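Please go over the structures that come below.
The two complexes that follow have subunit A in common; it is paired with subunit B in the first and with subunit C in the second.
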Partner chain A sequence: MSASAPETDLTAKVVAAFKQYEQTLNGAAETPLHAIRRSALDQFVQLGFPTPRNEEWKYTNVAPITRRDYRLAAQPQATDINAEFVRSLVPAGLDADLLVFVDGWYKADLSSLSAQAGLEIHNLGASAPHGAQPAQQLAADTDGFVALNTALALDGAIITVRAGVELARPILLLYISDVQAGDAMSALRCVVHLEANAKAQFIELNAARGDGHSLQSRVAEMRVAQGARLDHIMLQNQAAQNYQHNYTRVDQERDSLYRNVVAALGGGFVRNDLSIALNGEGAHADMFGLSMLNDREFVDNHTLVDHRVPNCTSNELYKGIYDDRSVGVFNGKIIVRPDAQKTNAFQSNRNVLLSDGATINTKPQLEIFADDVKCSHGATSGQFDADALFYLRSRGLSTEAARTILMHAFAVEVLDQVPVEALRLHLEHQLSSSTSFDV
Partner chain B sequence: MLQIKNLHASVDGNEILKGVDLEIKAGEVHAIMGPNGSGKSTLASVLAGREDYDVTEGSITFEGQDLLELAAEERAREGIFLAFQYPVEIPGVSTVNFLKTALNEIRKHRGQDSIDAIDFLQMMRQKMSLVEIDEKLIKRSLNEGFSGGEKKRNEIFQMAMLEPKFAVLDETDSGLDIDALRIVAGGVNKLRSLNNSFLVITHYQRLLEYIVPDYVHVLSGGKIVKSGGKDLALELEEKGYDWVRTELTADAEA
Partner chain C sequence: MSQETDILEEVTSGEYKYGWVSDIEQEIIPIGLNEDVVRLISAKKNEPEFMLEWRLKAFRQWEKMKEPTWANVHYPPVDFQSISYYAAPKKKKELQSLDEVDPELLRTFDRLGISLDEQKRLSGVAVDAVIDSVSVATTFRHKLAELGVIFCSMSEALQEHPELVRKYLGSVVPAADNYYAALNSAVFSDGSFCYIPKGVRCPMELSTYFRINAANTGQFERTLIVAEEGSYVSYLEGCTAPMRDENQLHAAVVEILALDNAEVKYSTVQNWYPGDKNGKGGIYNFVTKRGLCAGRKSKISWTQVETGSAITWKYPSVVLKGDNSVGEFYSVAVTNNFQQADTGTKMMHIGKNTRSLIVSKGISAGKSQNSYRGLVRINKTAKNARNFSQCDSLLLGDKCGAHTFPYLEISQKDSVVEHEATTSKIGEDILFYCNQRGLDTEEAVSLIVNGFSREVLNQLPMEFAVEAQKLLAISLEGSVG
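After this line comes the complex of A and B, so read on.
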């Protein structure tokens, strides 16, 4: 018998939850959506949770997070999470349309929508409109986690921004796990479509109520049509017992712009997969990440940019500061297809290790099949510059203050990319409050 | 104000300073000259508290207290300032950014309240005009892309802001054009008083025409081999360091 045998079989639990869900269907089991879910479940059972033998999960051991005895509900559960708690999670000064999910289920009473013209929002559970279903093709290029999500995400958001519409307010998606009464797992799905020349800002924030363990699975499919612009910000600042897996698939058409900024300031286990396909000429993708970890926190950013057509550009900058025994992973894959001439792809991963126990595993992967391309990548890791530290101390700053200043300076390059002022301030505040020093 | 006695310092096991003796009284300006690699910047670093240097022998006393006991930041708060020969570039941090914190650390140490934003701004304006430094420069990333002269001017600006009791200027004149040299020297002269002292490290007599020293010392091979008045600098410029060396050998043989 293997020593690492799971204490609880999460796979069996997932299957049981699915069965339970099927029993509630009363004949609706014949819908195409259900067929997708069924086959996803089969696929999940076959694949299981990824192991380090899978190249994409080499440095990311999911075994510890799958061992817990999570509650996994096949239907909405009552919760006493109230508006006041929700408000406490929303970054100060942020004026946004708010969609709240508790344990993966949409909570209309906790959400607040201002009915912006040209914005259509449905929740997947209640009113999946025709054509806005989780895509089938996703599963092929991914792993057990995505299959699990496809099978079990019974709720989520389907968001469409109509052609030419520029949203006046960002949309904030708040994912809360209620773990006051024990560990809980949840799955939800987002399907986002920006029609031609639409502009929108999406913000996602993961949170938990209570001290139990949470595991959140979120898959997003985003389509950015011709000339559209989508800013997508992910705020991840959770505690050691909170785990999350986010898979984001983006399809960009001609002259579109997609920008992802992920601020991972805490969490016991965070895996972010970001897969971008540049399908139309003139499309540009920006990817920015900031990880700031301590204790035994873990964040893994995996990006894949697929340059499929000529004249597209992509730019990624991921930075990390790792203290104590925290671990970071960055894996950046760039594919340039034979047709994708005049591609310009830039990738950079910069890390600061504040302690001997901290680790960063970084791996760029370039697969270039066209000849007229500009691609560059670079990765560094080290300590804060000793000369810079001494310089600041020689002016009277404590080592602590000098480090904080350097930390801020290091982080600000990513923070500056956050296009929403209130969020930028929110992040700056979280950054400086991680030490007593005010920058 | 400052007494250095028989100071020996080494880095990575190599002894650089081999018994430096120097006394600087309040209100005095001392100049140190000496060949490349003789240990001038090492002395400056040891005074500022850089941990990479091991003091193996000797002592430094600053206003009656053992300076070697203090960390770099504590020395700064006590009133020691080093204008670096090679100021570091720190992307993402502007001079204004850290200077207010630095100033408040020093004020706190002196039992003074934190400076408020308006007073700070006013003080900055005043010191900026003293060294004729552009506001844009001190709002940019520290020294990043600064010209050699701009870096040095920024060092003197910081000195003016922090009002140290004892400042070491390590080749602040190198890289400065003639106008800048005059401005920087003028800034130093305006800060000169009966209560504070300077140690000016330079290769050129010209700076000492503007900042007239009370004493000039020659550091060679990790030791002060000759001291004199301001005329010594002129003599050195004329005769070169070989002159000091031959003189020394002659003394030794006599």
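After this line comes the complex of A and C, so read on.
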């Protein structure tokens, strides 16, 4: 092992857990998938957890979340999480196929699948060979977190939607950490493939049971083939002791459409990396994000849109409302490659600070190597419009009520982009209940 | 109209026109850098003891530092041991007036279009000319002295006003601020020093002209501008260099300090040799410029037109410490052929009600790479701070790149920060309109580029604005069609 970076305790722990897992493999240790995992582990040990010296982690300090003594299971653990608890997590009125993972392991007994035609779901743990290919794609690039995930994600979902199939029901992926008995860390991997002209909606929801600290690492690789459309919604509303790192890699082919909506309404540490490669002409990517934080919550949204071919478009809108001592980070990068003429890329990041302790660090970035393009970005930070507040107050509303209405109006621009109605209502309800005044 | 014809003529002839070498007797110290060199420079300049210590301290820090690599520019590593750190026109005796300056030197400045003589008589701009890091002539000194304005070379300032230099040098850009600033602090050979006393409005524009002449030398000048309470000064800076095949290093530091109600306007047209059409030669321009609005209601405004240099690495910044202070940054950066520019600004809001404005226009042509990199930081203390940034990029050609790296760090709820950036090429419809009005494409592009840059060019003093417009046209010559 070529160790160079100083090891944190967690790094040592990860290595130990990996070795322990390796011993349980017997003959399977020589499979290609395991070779990938082993080299990813080496890579992780070399890279270590990212530090703020790494430009992509400039505003994001992971030291506090990597210092804890997490339980790290190399095998599915017994859990008493039951169907009732799972039901309590599912947004009301949402009719979806449900895949439940506890501490990174698929739980068939808690999941409910309706056997939709044209939809194939495997879990990575059971059908390892499928996982080999995709894991290889990511192993080389990015940072320590992704390498960690490649090494440790022993389970996850491999989902294929067959050509031309339009799924009638969304798929809800529920990631639960069981931290009743103490801190726990988990890693899982999702591989999604929408074949030509397929249409699907994916929803991801992170949750925890118990008061311990959780750290969830999720890497998703999504392929959206020609003419396909994928809606991808991420719901993140956890407590201060819950941490998560999500890395999403999307490859889009000709005339495909991908839409990501991330609603980060809470969490002690949330890092979302969204990297989209537009590989076929006519592809379009939409990215929307809403962060609404208070206390000492932290959310970091990193997006990268790589316009590799001509005639693609991308559109991005991230909004944030930050109260108390919360911190928001936005980093949006648009790359237009030399041949990607006629690119149209738009990016906007709008923030409201409600308290002097709150901070927003934003870095909208354009890297453009083609000339016949239209690219723009805007970033703002400010308060709610004083005139609007005054108008509402003159209509007899209290300052607090007026603020809540404005906050709601600010957030709704993003929530309106959620294509599943039950979810949209669920989010609006969460929004109302997180503000002190009910609109 | 005649002006436009001028532009056209220049465009058609447009190579780098400042690329000649003056045949002046020069004194150059051997290449290489160590403590002895720093001591030698200090001794040659007959500097007070504190200055030598300051330099040595900076040098020792520099030795420990690493060359920064974060900028979006690529170049082979600079060998700091193959550069001569001191080159000066040989002085035969103390000069009393311009009449005694080496006539060859004066011809040099004539060719640069800044006849010191003429300037002195006609335009009322006080000029300090720096050649290969050493100030050779300063005009209007005595007239300025009557008002108490000190405008002279750094070396003279060190002899005549050591207490002022000691007090202010490094107060805005500390000796070891960054790699190139530390290098500059250790070896700077000259530069300009301006001191505007309390309540004085400087009656004329102060101007410094920098020229690298000798081969294998680096130019390291240091400019210090101090504006006391209620004073005002407008300062201009220009620069050129001969055409040489090897790259030359220019690592300057500019410090500006503005006290209560003081205003400093700093304009520069940077036209260092950008290298030839194949990217050979050219100046590496690694410069640290920073202003400190220390006083209430003080104002510092940077205006820059960047057309030269093979590589530009430059971020004129303003630290807005005084309440109600104002910082401005206007920039046009043009890159052509193989030029690379990574330039922008930093606005650090510390005081209450501080305001900043950033207008940056980047124009890339040929195979060049043009990056805007800026930071706006609103500290917790900067109540009611306000920033607006506009960064536009124009692409002329499909082999060049335009990049934007804005950083916004905001920790104050009563602040308003707005940032906008766009990137596009010149619209076919606009070109077509110009063509059908009888302008050929090159003229049309020149017109459009000037319009695109107007907001910035308008900030320049008159003489500079005309020069800058011509420069824009020349820099882009051959990039159309």
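By definition in this document, the second predicted complex is superposed on the first by the 423 of 439 C-alpha atoms of A that agree within 3 Å, B and C clash if a C-alpha of one lies under 4 Å from a C-alpha of the other, contacts with A are read in each partner's own complex, and residues count from 1 in each chain.
Simple rule for what comes next: contacts are C-beta pairs under 8 Å (C-beta built on N, C-alpha and C of every residue); 3 or more make two chains touch, one makes a residue touch a chain.
These numbers were taken from a predicted model, which means no experiment stands behind them.
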item	value
First, second, both or neither for A:Ile276, with subunit B first and subunit C second	neither
Partner chain in contact with A:Leu406 - subunit B first, subunit C second, else both or neither	first
Partner with the higher number of touched subunit A residues, subunit C or subunit B	C
First (subunit B), second (subunit C), both or neither touched by A:Leu265	neither
Partner chain(s) touched by A:Ser394 [first = subunit B, second = subunit C, both, neither]	first
Which superposed partner A:Ile158 touches (first subunit B, second subunit C, both, neither)	neither
Touched partner set for A:Asp385, first subunit B, second subunit C, both or neither	first
Complex contact set, residues of subunit B against subunit A	48-51, 71-73, 75-77, 81-82, 84, 87-88, 90-93, 97-99, 101-103, 105-106, 109, 141, 158, 162
Interface residues, subunit A side, partner subunit B - complex	385, 387-388, 390-399, 401, 405-406, 408-410, 412-413, 437, 439
Subunit A contact footprint on subunit C (complex, rising order)	70, 378, 380, 393, 395-425
Residues of subunit A defined as touching subunit C within the complex	55, 59, 338, 341, 351, 353-383
